[in-house]
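Order of writing sets the labels: A, B, C and D. Residues in every chain begin at 1.
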Amino acid sequence: MSTELNPPSLAEALNTKGFTGATGFRIVSIEPGRAELALTRRDDLVQFFGHFHGGVITALADHTAGIAITSGLPKGKIGVTVEIKVNFLAPADGSELIARAKTLKMSGSIGVATIEIFTRDEKSERLCAFGTATMRAMDLPAAMVG
Amino acid sequence: MSTELNPPSLAEALNTKGFTGATGFRIVSIEPGRAELALTRRDDLVQFFGHFHGGVITALADHTAGIAITSGLPKGKIGVTVEIKVNFLAPADGSELIARAKTLKMSGSIGVATIEIFTRDEKSERLCAFGTATMRAMDLPAAMVG
Amino acid sequence: MSTELNPPSLAEALNTKGFTGATGFRIVSIEPGRAELALTRRDDLVQFFGHFHGGVITALADHTAGIAITSGLPKGKIGVTVEIKVNFLAPADGSELIARAKTLKMSGSIGVATIEIFTRDEKSERLCAFGTATMRAMDLPAAMVG
Amino acid sequence: MSTELNPPSLAEALNTKGFTGATGFRIVSIEPGRAELALTRRDDLVQFFGHFHGGVITALADHTAGIAITSGLPKGKIGVTVEIKVNFLAPADGSELIARAKTLKMSGSIGVATIEIFTRDEKSERLCAFGTATMRAMDLPAAMVG
């Protein structure tokens, strides 16, 4: 069950720290190789036109991919981003962002994930961005392995 | 001179709004087709290991590219991100990020920029990320054209 | 039905010309916004280790995305590649490549497609690469519109 | 001097095999972390409009990046492409392509290179594409290490 995964405490820890905690990233679900995160609109997360800023969308995509990859790694390993690429498909004009990442492939220490980002309001959920991320598995400092 | 450019008020306006204003993006310089922005480290901008979060680095890269492209467009046009790709080359463990974007090519309504991101402390400045962004020129709402 | 699409003669023409014709790209199927192409292994298409060369894989991905995007455009328009990004996931060591592209989104004159590339032999079909392509819709020279 | 590099015979061997040999890729120069390759136009290398096919451009970019990265690795190691991304900036309508790759960073077994691709004729040389490639250092089969 997802909350038993490698280590859920790690995903939580990753998420509550620093930028992602301050921005309000929320973990919706984690399975091995998959993750879903959500983010509620705030005035300090938007761009010029009042939609979610592309940088915020990319940050959510990156972080969701990292949790998806990490959730499939042995305990004590963490996925670190090598590169990320995001296409913006529609204005992120909803009240919430939802990011769904899945691991496409792990080979050796390198993994690739795809991320779909949706913008949601009361009425509908629309795909607003799509990304791919390449990650490498890194050893966690011993102190951080529960 | 750079502060005369298309329209500096626009670049400033783009920058002080929403996410970029709240995060503290600072415009260092703008020339036609070029922009340099800076960002000072804060505890709400870092990741698990205490370095600038990849999403923050990508946001700064995206925004700097947008200003570089927009600075080369006719008045009343703004560069909007179609896609961005960033490679992370070294830990962003400095006290500041510096992003330098330059327009590689504008053809028709589509422009491509490259972005170098450096992490800086008292002692040195190191390249920590490199990105490319594809943008399209969009008409600004009339109300926004000074 | 797929062979009635915008214009199938165009897809065929695109495919039999120059590099794609000489390399032996084969159209398996076309639907609006989707395309599947195949390519049989030849000694002049491989790299050092005898697997399909990454450049050949990328060419097939690019071309399949172009046909998928073009198949969804009004007659007289063609999709031209703005940028393409491909991740190589496994050795392309089969006797054939299969590329399946689908249009994720068309907005205005810009479209984005994803491409899955499989390597196939008698026994199995394995995902060996994944790509995304950004295309712009261009007018065909009048002479080329049937 | 460039022909002393890690091992030049490897770069030559990589280049004369399979696709790159059949296509006529020519090594112009190699330095540690840098490579320049050239390709002469042929009717079997062009697309619909008679310009170099995007797939051929990407193949040249990929191969040039691979040689640039490999030329900086210890003997017995080869750079293998993890992912490549290319933006097409102008029609490749010249009689020749020139690709210039340089290693931006090697960290651990992962390297990143940028590639500028120019199209050249008697009169001029124009930037027609720009790419980035992520590579990983792999051990060569013992048999292949001179």
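Simple rule for what comes next: a contact is a pair of C-beta atoms (placed from the backbone, for glycine too) under 8 Å apart; a residue touches a chain by one contact, two chains touch by 3 or more.
On a predicted model such as this, the values are computed, not experimentally measured, just so you know.
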{"item": "Which of A-C and B-C has more C-beta contact pairs", "value": "A-C"}
{"item": "Farthest chain relative to chain C (centres taken as mean CA coordinates)", "value": "B"}
{"item": "Chain centre separation in whole Å, for chain B relative to chain A (CA means)", "value": "22"}
{"item": "Length of the line joining the C-alpha centres of chain B and chain C, rounded to whole Å", "value": "33"}
{"item": "Cα-centroid distance, chain A relative to chain C, in whole angstrom", "value": "30"}
{"item": "Numbers and ranges of chain A residues touching at least 2 other chains", "value": "82-83, 85, 87, 112, 134"}
{"item": "Overall pattern in which the protein chains touch one another (line/ring/star/complete/other)", "value": "complete"}
{"item": "Residues on chain A engaged by chain C in the complex (per definition of touch)", "value": "85, 87, 89-90, 104-105, 107, 112, 114, 127, 130, 132, 134"}
{"item": "Residues of chain A that touch chain D when the two form their complex", "value": "82-83, 85, 110, 112, 134, 136"}
{"item": "Complex contact set, residues of chain C against chain D", "value": "13-14, 17-23, 43-48, 50, 53-56, 58-60, 62-63, 78, 80-88"}
